[in-house]
Every structure is written in C-alpha cells, then in structure tokens.
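After this come two complexes, each holding chain A, first together with chain B and then together with chain C.
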Partner chain A sequence: MKKIKIKRFLKSRIFYICFAIIGSILLLFIIIAVLDMFLKQLVFNFENFKEVISDPYVIRTILLTFYSSFFATVIALLLGIPLAYVIAKYDFIGKSIIESIINLPLMIPHSVAGLLIYSIFMKEGLIGAPLKELGIVFEDNIWGIIVALLFVSMPIFLNSAIDGFKAVNPHLERVAYSLGAKNRHIFFKIMLPLSKRTIFTGSVMCWARGISEFGAVILIAYYPMIAPVFVYERFNSEGIEASAPIALFLIIICFFIFLLIYFLTKKSRQRK
Partner chain B sequence: MIKSRIRIILLSGSILITLIVGGIFFINPFQEQKVLKVFHAGSLTIPFEDIEFIFEKNNPNVDIQLQSAGSVQCVSKITEARKIPDVLAVADWTLIKNMPLIYQHYYIKFAVNQMVLAFINDTAQDAIINKNNFYNILRSSGFGISNPNLDPCGYRSLIVLQLAEFAYNDSLILDNLVLSHTTVTELTLDGNSTIYTPENLNPDNFITIRDKSVDLITMVKEGSLPYAFEYRSVAVQHGLDYIELDDMIDLSNANNDDFYRRVKVVRKSGVSEGKSITYGITIPNNANEFDLAALFVEFVINEIGDFILSISGQPPINPARASPYIFLPANLKPYCIEDKS
Partner chain C sequence: MGLKSYVSLKNVSCDFEEFLIQDINLNIKKEEFFVILGPTGAGKTLLLELIAGFHKIDEGNLYINGENMKNIRPNKRNIGFVYQDYSLFPHMNVRENIGFGLKVQKKDKSMIERKIKKIMKQFEISHLENREPKTLSGGEQQMVALARALIIKPNILLLDEPFSALDPITKKEAMKVVKEIHQDHNLTTIKVTHNQDEAMRGDRISLMMNGRIIDTGIPQEIFTSPKDEKVANFVGIENIIEGEIMQYNDGYVKVKTKNFNVNCLSKFKSGKVTLFIRPEYIVLSKQLFKSSIRNNIQSEVEEMLIISKELIQVTLRNGLKAYITFNAREDLDLNIGDKLYASFKATSVALKR
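Let's look at the complex of A and B:
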C-alpha cells in the first residue's frame, strides 16, 4: 500500500523533479559565480576586503549610484505614469509604434544608448547646448548620469505600469462612470490605488536596472564615478584584487536591499 | 480615507527628502568647486592618486578628476572623441609630440620606467637569478607576459627578449622562450628584428599570457606563476620582488634608443618600435582651467611629485625636459630645461 503511494507520489512529481534538476543548472551558474567571489574575498582575503571597502570614496561611489538611479526612477515615475495610463487605457492610431519606441532602449546595446545620450546632451548637443547656457552641464556631471540611467531604465517602469493599469478590472471603471465619476476621479480613486503594487515593483526594477548600468553612463559621465564605472576603472588600473571587494560589497548591499523590498511587498500582499 | 492620505503624504515626503539630502551631498549647488580633469596613463594611477590627495588638501575648492586609460586611448579621446582634459599625461612622450598642433604646443618629459622581471622571493632559484642569467632560468621555469596585442607592456616584453639576443649574443632566447610556445614569429634582417604577433597567440603551458600586466601580479603573488615581465613601477606598487635587467635591454635609458630601435613589433593594430619608456605631460590648448592645470603640472614635476613618483617606482626626470621651452607656463619654467633630443 505504502509502496504504491510512494510510486504514485513520484509519478505525479517526476515531471517537476526533472524540471527542477534541469533548472538548477542555471541557478548554480549564478550561485557558483557569486560564491567564488564571496569565498575568495571574505574568507581567504578578508583583510584586503576590509581595507578596500573602508575607503570613504568607495562608499561615496556606491551611494551616488543608488542616489542617481533613485533620481532617475522618480523622474520615470512622475512622467511615466501619465504615459503608461494613456497607453493602457486608450486605443489610438500608431499605438503599437509608440509601444515599440518605448522598448527601444531595452533592445539597443548600452554603448549605443550612451552614444545617443552623449550626442544630444554634450556641450554642443541639441539639448546640451541650450542648457549649458543655463548652467546645467551633463558631461562628467551627475545630470549626465541621471539622463543616461533614465534612458535605459524607463522602459522597465513603463512596461510594468502599463501592465498594472491594464490588469485593473474594466467593470470597476464602467460602474464608476455610470455613477457619474469624472476621469480624474477614476484615475486617482480607482486606477492608481489598484495598480500601486505593480507601479511600486516597476519602480524598484527600474531603480535596480539603473544601479547595474555601465555602458551608457561611461560615455557621458566617467566622473563623478558610479560604482560600476569605479569597479571597471579599478580593474583596469589595479587588477582583480583591488576591484573584486567593491564588486562583492555592491552585490551584498543589493542582495539585502532586494530582500528587504521583497518582505515589504510580501507584507502588503498579505494584508490584501 | 484620511489614513491613506497621510500615507501618500509620508511617502512623497520621504521621496522628496531623499532627493534633497542626496542633492546637497552630491550635486551641491552652493559650493563653488572647480573641476580639473586629468587624462593619464594607467601606470600613473597610483602616483597621481597620491598627488591628487595632496593637491586637494592644498586647494580645497578644487576637485581633481583622474581618468586613466591606455596612453594611446588618452590621446584619441582628445583627438577623436573631442573630450577636453586640463592635463594629459602619457607613458610615451612622442604621443604628445605627434598630436596635431591645435591640441598641444609643448611636451614635458617628467619620468621614466623600465622593464623588470617580477617574482615572489621564496624559491631557491630566486637567489641565483640575476640580470646576466635570467634568460637561462626562464628557459626551465616558464614565465608570464601580458598580451602584446592589447598592452604595451606585452610587446615591450618581447622587445626586451629580442634585445637580449643581441646583447648576449644568444640568437635563441626569443625562440626558446616565446616563438616555440606561441604563434609569434620573428624575422632578423641586417641586424634588425621584426616580431609579428598574430591575434590568436595560442600559448602552451610554458608561457602565460593575460590581457593586462596587472593581471599577472595576482598569479605571481599566489605562486602559480614564477616570473612575469612587468614595469618596474607596477612591481614596486604591488610589493613584488624584481630583478633589474641591463639597461641595454630594459628600455629605461634614452641614450640607448638607437639600440632599442633595432627591434620592432608588428601587431594587427599597428607597428611599435623599441624605444625608451619616457612619460610625457602637457596642458592641451583647449583646456578649461589653464592656471589650475599649470599648478597641477607643477605639483607633478616639483619635489613633491618627484618624491611620489620615485617611491612609486617611476624614477622622475630631474630637471624635467621640455620642448619648446618658451611655450611653457611661467610657473613651470624653473623646473624644466630645454629638451634637445
């Protein structure tokens, strides 16, 4: 009797077990890469790790990375929600073209994105030149970092906001209409509250994408250095030993931030 | 209802506060800070970071932004990508001299470097290796060089070995050490030698090739590589032991340039002739902060800079050699003499 049970259990699960084994190869790929650096830096070479990350400049580059990505995310949030709402709710001619344009920054190589940004925001550029008169410079400046991050990470936010708005049950909207609600009321009282979770996750993903950006930033703003540029620079000039601790430190911080965010959103999910 | 409104206010408030606090910290519109951009060769990173530290201590309103790259890349960033630094310092002064005149009016030779053989002093063999027998010891031990197609240190290592053939009358040094273990080929004609380095070097276990010379450092330190050709500065800065080679072959002495020139390396991306490793610095014509740049260059070639360079393993040239001397900014003239080479 018991045997049959186990057999049945295995039979029903064999498919998942196979998939889990196959899938774990990918997982191992990430784990081994991180673990290797983790052991090399934290276990075998802790002194070097401590020395490198206690440099205030390292902390500053990491904070700057988080900050400029945060700034870009806030801009994406403020300008992106109206755009996402229009795309999600209304049908118009050329909508699919606009949706492809939104996703363009995701498709093109990051160096190409950087080149696009650099050529319009440099001192002689289309946008860079008039703003230079106003005292805003993008080259080798935090504004340069922010526009580059905005360019490459906004599609992620937009897509998730669009999905969020689309997922709201259209009946609610119709009922509200029939009860005489105005468009702005529907947006602020129904659409926004109901899609706030996707908007929040979208923002976090957008922020994370910004932190990881390297190619687009390095073309317009080598300085002030954000962490990815700093890791690259250190690697080029002083080798693995000087750059790996910073890389690992960044990995650890990011990991904990995302863990924290995961639990925060989990709580709000449960509350629902 | 009220609760959710409070939550919204709290949320947007905290976003705003983060933006402002970060803004004060990173953007800081209140502080009038001048920025001095310096493009420099990768091998100058450590001494220049020290100079930056002292310079910023003395001039708190100045932010020095160091950008390191390969020397050739430093120059092409100016001439091709039209980025404008205030100071340009490269590992080969002729790069400055060969720039179009719209970008530069003069060069200053301020430091030298040399090729050495770096190792960790813990094997018995290290006690007996010296500049006269190193090639015999390498024949049995194996060694590392950086990729001659990517790193000047790599092709300079090949030049050193070929020059050793001339200097020690042993026509098999490069053959035994490199040619028989890689796809590199060499041709000697009329006492001059040309080394060809194909893109795929295909090294065997005897010779270790890495993209950059600093990558070899870790291997030497871990003991997986007995010897590596490095710049003296790199060996000093990373705390490795090294033997100095004869100045006929180590590319340190500008007086031997005629001898060094007997070897050239042909790579896919260009031809490199053997010549002494002499660093050059200049202030490009289109620099934004001219006076500040002159002050920084003064820091590099005065006693402070000389001291920092020498403890970093890049012996300074004292007094620095400049040409044409008359174009130098006034504050640099006392530290330089006319370069007659």
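Let's look at the complex of A and C:
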C-alpha cells in the first residue's frame, strides 16, 4: 500500500523532480565554489583569514571599493532619474536608439569599457585634458575608479528606474493634471514617491555591480587598488592563500547585499 | 439646462495606442447629464480623455464654452475626472487625496482644510479621513474620488464607467449621489458606460461603437426607436421584424409580417419597413382580455431562457420574444408548448424604413 502511494507520488511529480535535478547542477556549481572557499578559509585556515582581513590595507581597499561605488551610484541617481523619467514618460524620435545606447555598457566587454573610459579621461583625453587644468586627474586616482564604475553600472540603475516610472498607473498622472497639477507636481508628488522603492532597489543593485567591477577599472586606475583589483594583484604576487580571504570577505558582503535586495523587492511586490 | 452647446466636438478623430475614434460630432449642453453608451473597446474612455485634454486630438476641434481647447492644457480646463478604477493616489491618505487639487493650486492652507472638512461631511466620509485608499471599499473609494474631483469646483465632471465595479446596492446609492451632485453643483456631466440601465438615467445618450458615434438622442428614443438594426441589437431590442405596410389610416398602419400583422403608428404610408419592439413591452396572457391594446397575437411557447436573476426570456413559435419575471411565470404556470397571447400597444412599436 505504502509502495503504491510512493509510486503515485513520484509519478505525479516526475516533471518537477526532473527539472529540479537538472536545475540543481547550476546551483551546485555556485554552492561548491563558495563552500570550498568557505571551508578552506573559515574552517581550516581561520587564523590566516582573520589576519588578512584585519590588515588595514585590506580594509582600506574594501572601503575604497564601497565608497567609490557609492559615489558612482549617487551620480547615476542624480543624473539618471531625469533621463529615466524622460524615457519612461515621453515618446520621441530616436527613443529606441537612446535605449540601446543606455544598455551598451552592459553588452561590451569590460576591458573595452575600460579602454573607452581611459581614452576620454586620460590626461590627454577629451574630458581628462581640460579637467586636468582644474586639478582633477583620473588616471590612478579615485575619480578614475568612479567614472569607470559609473560607466558599467549605470545601465542597471537606469533600467530599474525606467521600469519603476513605467509601472505607475497613468491614470494617477492624468487625474493629477485634471486637478490642476503642473509637470513638477506630477514628478515630485506622484511619480517619484510611487517609484521610490524601485529607484532604491536599482540604486542598491547599481552599487553592488560597482563593487564587483574589475575590468573597466584596471586600465584607468590600477592604483589606488579597489578590492577586485587587489584580489587579482595578491593572487599574481602571493598566490591563492593570500588572495582567497579577501575574496571570501567580499563574497560574504555581496551575499548580504543581495539578501537585502531580495527582501526589498519582495516587499515592493507584496505592496503591489 | 441651457440650450446652447457647452462642450462641442467637431469632426474629432484620434488614434491612441490600441484605440481609434473617428469623426466625432457632439454638442453637449450646459448642465446636461450626458451619457456615452457603448460596448467595451468602443473608444469611450479615449473620448472622455480627449475632452479632459490628456491626449492631443489628431483631427478636428473641441470647444468648451465656445473656446477652442487646442492649446489649453488639462490643468487649465477645470474638469473633474473620475476613472473606473477611481485612481486614488495610493501613497496619500483620504484627506491628502481630496486636498491634492487645492494644494497644487497653491490655495491658502486654512481654506484647504476647511474645504476638505466640508466636502468630506457632505459626502459622509469624514470618518475615513486618515485611511489609506487600499483599505477602503469600492463605494468608499468612489466617494473619495468624487470629492477629490469636486473640491476644485469644476465646470464639467467626466465619469468613466463609475459604477461598474460596485455591488448592486452600493451602485444604486452611488447613482443617486452622482445625480444629486450633478444638480447641486450645476455641473455638466459626461458619463461613459456600457450598462444600459445606467445610461437610461442620462438626459441624453450617444451610442458609440467602433470609435464612432452612431446615434444620439433622449433615452426613450434610443431604447425604443433606434436608428437601425445595429443600434437596436445593442440596446437590447430583441424583436426586429421585417414587414410591409398594408393599410394606412391617418398615421395609423397595419403592417404585414411573415407570421402576423402588427398595428402601429407610422409616418410612412406604404412600402417595406422594419419594426422594433422591446421584449419588456410584450405582455403574455393565457386569455384574451378586452383592452386598449391594439396587438394581441396568439402563439405558443417555444423556448424559455433565464437571462438574469429576475427575468426569463420567452420565445414564441411566431418568433416574438418577451421578458417575464419568475413570479409571472409561476402565476401563469407557463410551460413550453402552452398556447397564449402576446399583447403590445401600437405605441410600443417603433417603425423604421
């Protein structure tokens, strides 16, 4: 009797079970890679882990990564909201071209992105040269890191903000107009408050994307080192033992950022 | 109600997203309660949105109180708009929703508070003051949406299917309130609906189908004497009968149809005609009574179909269709095959060429 029940249960779930098995291969791929490092560093080599992550230079590179990505996110936020609003709300000639341009940094190799950034922000570059006169240098400087991170992570923010604005019921905007609201009222009192959650989620994702950037940064600002560059440098000079603890530390932080994003988006989904 | 047209559309056409409206001509009088009736997808909401100025008119002109609205933005038109979904601002409470219009118009703060209190009292929603829209019932949301639209003292009130999401009892109450508001505020109200019962309450009705106005008139005209078969079908005239005038006597005719003769009024003296008879106007009886009713046609029950909670549609062998209530069916003890008389007055028949 019990056997028949199990058989029936398996039969009814066969599709689900097959897909779960196939799907778990990808999941295992990530889990094994992370778990391997987790065990090696936190269980078998905890002293080394503690030592490396309490190194002031390591802390500095991680902090530099976080705040340069934060600055890039703030710039993306301030300049990106108006752009996202225009794209979300208005139809104009060439809109699809602009949307493609926005997503270009996501599609090109990051070393290529780095090259583009270097080319215009180097001391002799189109933007780098005049700003050098004002005392702002991008090569091997935090400004270089920020522009590189901004370039590669802004599409994530922009796409999120565009979706946020588009998701607001157009009736609300129209009713507000009929009640006498001007464009600025619509933006500040209706559109922005109703998209703030998507904008915030987009900002966190943009920030997280900045933290993980490597390729675009090394060409313009190898120094001061951000964490991904530092991991690479340590691996080349001192091997896996020296670079793995920093990598793991970054993984832990990124994991918590994504947990945060998950709960934020879950909340916004529930609100809808 | 003024005689001059207040809202006037001249050859208006517009193509917006999946909706298209073409060559609309309408003249709505001041303080009129005007209804645009049509099936879903007819372009009714788009027409309302064009009046409010939410979209650009591709062709033609819209005049309000004689002024061309071409360059007048929606925030300068002084029009109240209530959508089917009420569109309350979800991040504001009831008080903030109602006060929004006055606030963006930079009115004096104490005056805004006073007006909000007054209108909430008038709509009996004072107790909802601090509630968020999502916590309100459909009826409450509608009252808030109406209060929000009316606090700015609009000249025109546009209502987009305002009652379609309400339960029957709330709907009845809301319809009464809207009619009162219309009268008390001397408003010109334009309501769109797909519901014929709701449309009956308008001063005049325009029938809209596939982006075009196909007929305009007082409810009585539209519902009993439609322009053509298409209109008749939409307004629920089940009996559309072809016939030929046999006798004419001073505005009174006898029309021969395939299965029976019909006595009715006519401006035509001869020729082929189409007769329209609403199924509600046909009385069924098992015996013939002497009365003023000019048409008493004997037939048999062919089919009985329940069409609503209250009504049964009875189809007779001669093709006539009548609506009766469940109670009437019980009293008559009506069954398929029963012989009976279908009676209707000469004035219940609309005759068209």
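Descriptive notes on the structure:
Operating definition for what follows: the second predicted complex is superposed on the first by the 239 of 272 C-alpha atoms of A that agree within 3 Å, B and C clash if a C-alpha of one lies under 4 Å from a C-alpha of the other, contacts with A are read in each partner's own complex, and residues count from 1 in each chain.
Simple rule for what comes next: a contact is a pair of C-beta atoms (placed from the backbone, for glycine too) under 8 Å apart; a residue touches a chain by one contact, two chains touch by 3 or more.
Since this is a predicted model, take the numbers as computed values, not measurements.
Of the two partner chains, chain C is the only one touched by A:189; chain B is not. In the superposition on chain A, A:22 contacts neither chain B nor chain C.
Contact with chain B, but none with chain C, is seen for A:142 once the two complexes are overlaid on the shared chain. By the document's definition of touching, of the two partners only chain C reaches A:171; chain B does not. By the document's definition of touching, of the two partners only chain C reaches A:179; chain B does not. The intersection of chain A residues touching chain B with those touching chain C, taken from the two complexes, comprises 193.
Interface residues of chain A, counted against chain C in their complex, comprise 169, 171-172, 174-182, 185, 189-190, 193-194.
Listing the residues of chain C that touch chain A in their complex gives 49, 52-54, 73-75, 77, 79-81, 83, 85, 87, 89-91, 100-101, 104-105, 148-149, 152. Interface residues of chain B facing chain A in the complex, by the touch rule stated above, are 4, 15, 18-19, 22, 25-27, 35, 37, 42, 45-46, 65, 67-69, 83, 212, 214-215, 217-218. Chain A contributes residues 63-64, 67-68, 70-71, 74, 139-140, 142, 193, 222-224, 233, 236-241 to its touches with chain B in the complex.
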